[in-house]
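Right after this note come the structures.
Both complexes below contain chain A, partnered by chain B and then by chain C.
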Partner chain A sequence: MMCRDFDLAIIGAGLSGLIAAAKAAEMGKKVLLLAKGMGVVELSTGCIDLWGYCLEQPEEVCRRPVDEIARMVGINREHPYAKVQDVLEESMRFFQRVCSDNGCHYLENKGDNWLLPTAFGTVRPTYLVPASMAVRSLFKAKSVLVVGFKELKDFYPEMLVRNLKKSGEFDPGCHMKTAITGVGGGELTPNALASRLEQPDILTGVISRVRNFLSPGSLVLFPPVLGDRRDTGVALKLARGLECPVYEVSNIPPALPGQRLLKTLLHYLKVIGVEVIMGCKATGAEISGGHCLRLDAEGAGGSIKIRSRAFVLATGSFLGGGLEARPGYACETVFNLPVKAIEGNWWDKDFFNKDGHPFSKFGIVVNDRLQPVDGVGRVLVENLMVVGASLAGCNYPVEKCGGGVAVATGYKAGKLAGEVGR
Partner chain B sequence: MAIFDTQVVVIGGGATGTGILRDLSLRGIKGILVEQCDLAHGTSSRFHGLLHSGARYAVKDPEAARECLEENMILRRIAPNCVENTGGFFIQLPGDDPGYADKWIAACTEVGIEIEEADVRNLLKCSPALNKRIIRAFKVMDRTVDGFRLIRANVNAARRRGGRVMTYSRVTAIHQSGGSVTGVELTNMLTGEKSLIGCQMAVNASGPWIGEVAALVGLEVNVIKDKGTLIAFNHRLTNQVLNRLRPPGDGDIFVPHGAITILGTTSIAVDDPGDTRPECREVLDLIEIGRQMVPELEKCRLIRAFAGVRPLYQQTTAVSGRLVSRNFALLDHRQLDGLDGLISIVGGKFSTFRLMAERTVDLVARRLGVNAPCRTAREPLTNPVPKGALKRGIKVLGLSVAQRAAKRLGDDFAEVVRQAGHDPQKRRIFCECELVSLGEIEHVARDGDCFTLGDVRRKTRMGMGTCQGTFCCYRTLGALSKYPRFVVGDRLFLTDFLRNRWKGITPVLWGQQLREAQLSLGIYFTIFGLERMK
Partner chain C sequence: MSCANLFGLDNCVKCTICVSHCPVARVSDKFAGPKQYGPDLERFRLEEAGAVCPSVTYCTNCKNCDVACPSGVNVSAMICRAKGELVGRHGAAWRDRLMARVDLLGKYSRLSPALINWCAGNSPIRWLVEKTFGVSKEMTLPRYAGQTFYDLFSYKKKTGGNVSGERIVVYYPGCYVNYHNPGVGMALVEVMVRNGIRVLVEKFNCCGLPLISNGFLSEAQKYARKNIQQLRSHLDRDYRIITSCPSCSLTLRREYREVLGLVDAGRLSSYVQDAFEYLWCMSRQGELDTSFKSVPLRAGYHLPCHLKAGGYGVPSREILGLIPGLRVHDLDAGCCGLSGSCGFKREKYANSMAIGWDLFRSIKEMDTKQVITECGICQLQIQHGAGVTVYHPVQVLAEAFGLGGYIRNY
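Presenting the complex of A and B:
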């Protein structure tokens, strides 16, 4: 049995946990990040969605997400954004700086949402995007070429093009074409393909084959497999070789942009001395007098007890494993905190209901310092903060705000922990 | 308007309707089967997939029991790749009336159903999931059957002899002249186009919709529409069918199919024959009752719930639900109502569909003056996949994919393997849960009666596994871009498919399935933004 002491112990390696760790460590704290698995960052698009659509017209893409959030929290005090409005913009800048400093550039669109194409041919609003995905002026393109790989099973250029055409936003003169290229060999996973594309001779081959399909002024869209390193070197080399802008579109997992983001953040945590323990599940905690004294965790190497001045719960929602549901009730898996759920049906009958499903909003209620509170607002555990998808009140599938909430709440928790004792 | 001509129009593409089409074609009678949706979308795929030994009905309904027994033997012989020889047990638990067991033993003996008392200790050793407090257990010859496969086999057999099938074709009028049926008017449910089939006779085999079809000519056929909900567990909890040794009731049958187990059923009268929405309450009730036989049931991962509407026939309206006979009735509307050329086949069970078809076509043949005898009990419905073809398949597709595909495809297996041998792309696994290759998906997509992703699903099992289509429906749609039928509306195809899957997921939305649902939302809302797609 191991027993360790920290200033801050974070449970969960999702986006919010990673950001909390980065911020607190930057402020000189001794930080531990403990996680059962790799979190859902690598399943994500790799983009940071902040707020997608207008409050009054939910079909209209919102042009000033930060302002829209300010209006929204004026109406909805239960939304996680309401607890972190003081640090929202600061947290975005922090995120951008950390990623850029570590080789993975994230771009914003002058305060506006980006409208980026997906592999299905839809366009989605998002706020901070890796340079390899930042398609500027998609709808002004004179010509779009969508390139697939014959080794890849989950990307269909023809489907992308026919749906993109239906978006109705393009210049009628815009010419859309598809091409299938290859790197040799049979079926490849996105990761195996991405790794092949890091090899210069293979990339040169792809460039010479794709060149034949190009028309002047083309914008080229690829599946999200352009390299498996943190940087976006492959996309840059492709753009240089093809002499036109090259982008990755978002797709179902496994996709590389989310994995690159995870790699980038983990790399930074290593650089700034955060201790990271993976494959280790938090099993319980000792709480006394409203304070968490100790966290118990179990991994392949045995069990450990962790003492820390503060703790951050960043275990996610149901998908991440932070919440668990049984018929009729939901619970939180480490501290057994009360989960705000609803009576009655947890879902809507229609999977594609535009208001989403009630279960998306289930989670832990916190105060402005991200401490978990009970039904009347009393703090349940003084030195515990809850961040990211574990929080109640956020309908992220519909609002398009999962990444923003994770970054902002994680940042705030890291900052609050960093300020202790100063 | 397209106009067709045939001798007999069969209304309804379930087990009975397709069985009738096969029987007609074996007797050299021309027939067209019309179905309002896809084949097997109704009751014939919405049951537990149990081929009864007859024992369940021995006490209450010896005639139905005898029919089950005989048909069980016949189907095993003629359709080996659709039937799995699992065997089954009847289990008596503490609290079950011991007197019923004695009554049941006597009734089974009377009917001629083989039963054998099993050693409880041995049984518990082989089936550790069972309740340790079992009092008595009896082995019976229950088997499992794949409804989708059997119906396709019927259709393939009929097609080889000139039988035709028109899916997504709802009967919107039955034409008559001088007291005889002369034709059937159809509306295509996908395009809205109308067509007409001239015929001498029409057979109403539309299961729970039988009253709706009869009403088209102003007749009344009284069926009780009895909804039965079932749940699918993501484990093979038992290797044999498990029945409770007590009067038939809810939640007392477990049926293993491949890697999953189905537990059913409930029994609720409904008004709408299309009311197949399972409710969470029913699922919880099923688990509660099922736990008596399999105590750890609560901890098992559920995949989905589904419901079918049994068409129970009764001449009077005084009884309902499980008290109504599971027997079938052949209604000759010439005798009953003075309308020549219309026959309805009502009630019955999946297990006895072949017999129902035989009785129906006997009458049709008599009316048409055809003397050919019924051959459906002797003629093989599917042939076992030859050893050589399986060997080649294993080489091309790998062991587990080939074995599953051979069972699903039966006679078409060799062709799919041949094509996959030429084209490595076709060997790709598109549905990882059910191990369905692109070759198999393309094979059914080329088929004349495949119009939606749901049709591909019913024919291949694509999207029936733990992910419930989250990954495979997207890639299937992408890969089918070369078929004009599948490029008309990607949004509609995907949303229809996922909405239908959702119907069966919501009643079991907790534990792992809620995680799966959140992943699904992550993909279709967050990554693709499909909910707002125009």
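Presenting the complex of A and C:
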């Protein structure tokens, strides 16, 4: 069995784990990122949600997310944002810089939320978005063309247009059309289609066919399949070829914007020397005197022991497998940390309840240095930090804060680990 | 089917992460994805074992689905068993039968390696072989070495080259090293001897992976049983089984248990070690000679899928990092596409090259003439697609020990 030594070992390859690894390695630390599988980054829209709706009017889209968070943490000290407010904006800039440097540009909407169309024809607020999705002034468009591919399932331009029209936000004169084009071949997965669109001759064919459907001043919406490389230029080439703005809308996975974000971050980790081990499950830890000495992990072919000065737990919540629900209680799967849960019903009968489900808020309670603490605030493991969805107190499905919490907490953990010994 | 497998099936939450990491589904419309051929169709196969379709053979068994799965589903094992069911019911082409027996091909090649190599490079013959057997005429066939590793090793033994050492390990070279690239095996032996380790070598059976990937599960089981039987006496003496091929290693450590369901393979799996895993353990205890000479080589590193699938990292990484002058850059480009016998098949050659394209491009962008990778099949594909020289990390290590002759042109 191999034993390996690191300055920082991160468990979990979700957004928070990746960001923690990037920050600590940039600060010169020897970093390991260990995960039993790929995290949920690639299942996400690829956009970073910070805070979606107004505190007092949950139907109203929030126009100044950073200010709203500042107000919120004044009221709710238990929210993960309360632990990372000092680095919130810094972490967003870090994220943008890392992505841009690696060919995947993320745009901010001057401090406001973007309002981006989905494949269902709804509109959702989000904070940082890939350039290929950054639709500016959707509702001011004179004409909207939604393009689908005949090889692609799960994207219906007609549905998108019908539901968008229902929003009532468009100019009555706005002309909405749909078109179906093709790249040849049988049914394709979004990945196969995206990979074909990277080929210049196929893209040229698409441009010449879609051109026939264009009317002056068109804004063109595509499914999120415009290129499978992290630094893809497919959306840009389409816009040039069609001579009008072209965007991807968000859709159910597999969708490429989330995958490109994952590729971008993993690529950067390799560039800065982070060792990434996937398909390896953390099975237990040796903790002595409030200090984690060693982590045990098992892959399909062999097991390893990991010694590290510091550890980051980024294993996510119930879906990610970081937390496990048992009859009457919830537990954390690697360090067996106490999970803050509630008595009584964990869920609401109304699936789409505006307040969300109580179990979403379950998680590990931490102090301002992201160390796990017990009920009276005593640190449980002093060289462990907990980040992302493993944290207690946030209700990301309704607050729309999952990406922001992951980036900010991951960044802070990476920074704290990076400062050790300086 | 055992209970464990059933639970594995239920762990699938249909998240599609495996689909987006499948190199085949990315380039082909013939293969819907690992989720579809794995857990999705497994539900039908549980009801009716014959519910298998031929497109499942497009799976290359690269195991990226297993690595990517965040829910612990052993997707590739389900697909391998489905291939076994398909072949068991409907048979397989002669070509596949032949290609799955790399050990037999190797043995026959000993009649005249030079003649076979000549045929492999002769266009009219290759054209004929493609038309009659369906072996792609485009793909470079691996050259058979003049002498096998077993020949070279026994010569070295006779001449007293492997006597020293209190520590003893057993080396499992695998077919590719034995028949095609014996230099890797000899480098490994020399590195071990240099560090006071005695290497035992016996003639082992093929690990059986080519049989598994082509759906011949009962034959693979026979191979596996033989290997387990032969290795047992070494395990009883507490000798580690050292491998240099990530695919053999994964098969011995995992596939015997998981795909072939051999319970007594459990003990074997804890004894098999990658050569660099073994050396790294020595290094941590200060027992590895690290008086390396400089190897001023700038090389790309390609991570073989089956090493990644092991889930224990890249053991060669730390040790190569100790060699002065050596600069290794991760090519970070995913699967090479050849995947055992897949890329040699006429109907799959184009997929194989399309998958490997990212890797070839990455090598070109790095502007290097040397690549390091552990897997023999990846080595062949990189030579074929990128036209560069490829080394096993143990050859680089041998060079750093001043053992010479393993690395050229740097």
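One rule holds in what follows: the second predicted complex is superposed on the first by the 421 of 422 C-alpha atoms of A that agree within 3 Å, B and C clash if a C-alpha of one lies under 4 Å from a C-alpha of the other, contacts with A are read in each partner's own complex, and residues count from 1 in each chain.
Quick note on the criterion: contacts are C-beta pairs under 8 Å (C-beta built on N, C-alpha and C of every residue); 3 or more make two chains touch, one makes a residue touch a chain.
Remember, it's a predicted structure, so these values are computed and weren't measured experimentally.
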| item | value |
| --- | --- |
| Clash or fit, chain B versus chain C on superposed chain A | fit |
| First, second, both or neither for A:228, with chain B first and chain C second | second |
| Touching partner for A:43 - first (chain B), second (chain C), both, neither | both |
| If touched residues of chain A are counted for chain B and for chain C, the larger one | B |
| First (chain B), second (chain C), both or neither touched by A:350 | first |
| Partner chain(s) touched by A:244 [first = chain B, second = chain C, both, neither] | neither |
| Contacts of A:84 with chain B and chain C, given as first, second, both or neither | neither |
| Touching partner for A:317 - first (chain B), second (chain C), both, neither | first |
| Touching partner for A:186 - first (chain B), second (chain C), both, neither | both |
| CA minimum distance (chain B, chain C), superposed complexes, angstrom | 5 |
| Overlapping contact positions on chain A, where the chain C interface meets the chain B interface | 40, 43, 186-187, 253, 319, 321 |
| Contact footprint of chain A on chain B as seen in their complex | 280, 284, 424-425, 428, 430, 471, 474-475, 477-479, 481, 487, 490-491, 495, 498-499, 501-503, 506, 509-511, 514-515, 517-534 |
| Residues on chain A engaged by chain B in the complex (per definition of touch) | 40, 43-45, 49, 53, 59, 118-125, 150, 153-156, 158-159, 162-163, 166-168, 186-187, 250-253, 317-319, 321, 324-327, 345-347, 349-354, 356-357, 359-360, 396-398, 400, 402 |
| Partner chain A, residues of chain C touching it in the complex | 13, 15-17, 19-22, 25-30, 32-33, 66-72, 249-250, 253-254, 273-274, 277, 280-281, 284, 308-315, 317-318, 330, 332 |
| Residues of chain A that touch chain C when the two form their complex | 1-4, 35-40, 42-43, 151, 185-192, 195, 228, 253-254, 259, 266-267, 270, 275, 277-281, 298-304, 319-321 |
